[in-house]
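Below you'll find the structures, each written out as structure tokens.
Shared between the two complexes below is chain A, which pairs with chain B and chain C, respectively.
Here is the complex of A and B:
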């Protein structure tokens, strides 16, 4: 047990097993990002997967919308300590995008309109664990929350769920992204409280 | 791999009220590794039965050895901020780890002009930059636009009242203006940033901090004035937290 702070009792809201260590529940949806919100017109939007041997697979907005949609309901955990339970999104599983992609790469670097990047092992994006989503709570995703489309990887801290996603570069070597080079943890598992480098 | 961020025992040295709802807390943190203006820390409180809660707060000043300052606004219905504002007394202990964040920072080596845009408690990391500039004897030209409800919600009032070469300050009151103020009360506008900031062709570094709506609005206005997105750094405080 850590050092006791005299007179501290705490609020002890319900949360129980659904709350990773060090997190607290919120009902609203806070916004965090490092710069201005990019606005991406749908007729110029594209999503790409670039393989390690130089192949690029591209989807326009119309092609994206024609793919089979899922509506995952998941808990999301921000490294700044808020957790929001039972959020419902609509989008396409990355398994669908990867169906025709041939790659032996182990790492992915996700990049966004506006210049944001984040890295993760490729396997964290596959097998039903990640989506490209365009709606939240039945409404089209607002730009401040990453619209027109963002990555959703709910089992990792939410900075891995890149807003304004533009593509995924597959790499043989791991390449840390924006926050991962600014002192945050390379993997970011909320259940192991991997907030910062070395956690 | 760099050093691991460990929890350190921190003892309150003193605190002072900034407004009716915000306090500056000065902690002694043995082993504190130092920090850069704009970074934040995590504060952890533990109850006597082991229950813990942690939150992030911006550092308000450069480190003075192992002594650091946080300025904390009480969040209504909050868990940690009411304790830090109303309960903790000199000599009491909390745990702190950090510094955290390597993006929303100003380094004294930088000579570029700086535009600081703060809304409410978003002034705190910007004040750390102003103090770091002063401490380093930097001549980088700073301009601060400080959006706040009224005069009573001004943080660091006495210190900011002292004239300082190379630092211009514009107060943008949103609810009530002091008598004689030329600018009517209201939210930040394009004209405010055009007059109170630096032109885009001076290539200033812009730092925007405050509640989400404020940051969205101010960052969009800076873009409209021609500042490139890579020169606009933002830090947002969600409406919840505390």
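Here is the complex of A and C:
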């Protein structure tokens, strides 16, 4: 393995508007879809965390909405090369959901209403780096953007921020999701331009 | 057809990069529900981040195609078989 100098990476923003390598700025909010938009009634919505030893923790919509909310303002980077700066969301940190979850798993497979999945190391979801969000820009999240609730993991390419999130399965072995099994990068760091398998 | 997706004819160009015959004219069988029909009748979502062709009967994924720099990934897990007419 060669020596990688951090100087060859894109620099993270420090007051400027520098973008990750290969990205361009958009002001609108493009919608990419791989299937029909699921419509999930709130009285049937649930979010679950399934541990590696078979335990499931569940939250109804009412239970979700009663949890402490945060309003993160973050930049989002799509693997199709658009970046949107300063997006504001409202939702619950995954640290809150994981407070009572006992697990030694290293991997997570996020699954959604409609059948979408995406995988990431569990640590990428913790320590204030990820949320389950129900609002965007002060309005309830539209179905085409993943409403009633989606995952938000802004430090990775946006395909990891699963729309219509339904749950997270904790695993001892990594299990690639929908795009990760079709040529896209397993980890997806925009600052290292990890778009495709092998990048 | 809704504004959300195109029909399978949208696959003709991208699959034409890979196959010598026109695959949209092939008859495929859905691995999920068994429905048989031409690839051109699939419901195609995308093209980005990848083309996702779904069965018009059960909406399960029949075919996926991702195009990267110098590389294509083709996933046919949702297809039992493709029947193609080819010259002898």
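As a convention for this text, the second predicted complex is superposed on the first by the 182 of 199 C-alpha atoms of A that agree within 3 Å, B and C clash if a C-alpha of one lies under 4 Å from a C-alpha of the other, contacts with A are read in each partner's own complex, and residues count from 1 in each chain.
Criterion: a residue touches a chain if its C-beta (ideal position, glycine included) is under 8 Å from a C-beta of that chain, and two chains touch if they have at least 3 such contacts.
The model shown is predicted, which means the values in this text are computed figures rather than measured ones.
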Point to revise | Touching partner for A:183 - first (chain B), second (chain C), both, neither | key: both
Exercise for review: Based on the superposed arrangement, let me know which partner A:24 touches: chain B (first), chain C (second), both, or neither?
Suggested key: first
Exercise for review: With the two complexes superposed on chain A, say which partner A:103 touches: chain B (first), chain C (second), both, or neither.
Suggested key: neither
Exercise for review: Pick one for A:38: touches chain B only (first), chain C only (second), both, or neither.
Suggested key: first
Point to revise | First, second, both or neither for A:60, with chain B first and chain C second | key: neither
Review point. Given the touch rule stated above, what does A:159 touch, chain B (first), chain C (second), both, or neither?
Key: second
**Study point:** Per-residue touch tally on chain A - higher for chain B or for chain C
**Key:** B
Review point. Where on chain A do the contacts with chain B and the contacts with chain C coincide?
Key: 32-37, 80, 115, 179, 181-183, 195-197
Check your understanding: Which residues of chain C touch chain A in their complex?
Key -> 4-5, 45-46, 48-50, 52, 54, 59, 61, 64, 66, 68-69, 71-73, 75
Study note, to complete from the structure: Given the complex, residues on chain A that touch chain C span 32-37, 79-80, 115, 159, 179, 181-184, 195-197
Check your understanding: Okay, in this complex, where on chain A does chain B touch?
Key -> 1-12, 22, 24, 26-28, 30-38, 80-82, 114-115, 144, 178-179, 181-183, 195-199
Study note, to complete from the structure: In their shared complex, chain A is touched by residues of chain B numbered 1-5, 7, 9, 42, 44-48, 50-56, 77, 79, 83, 87-89, 92-95, 100-104, 212, 216, 219-220, 222-223, 229-230, 232-234, 236, 238-241
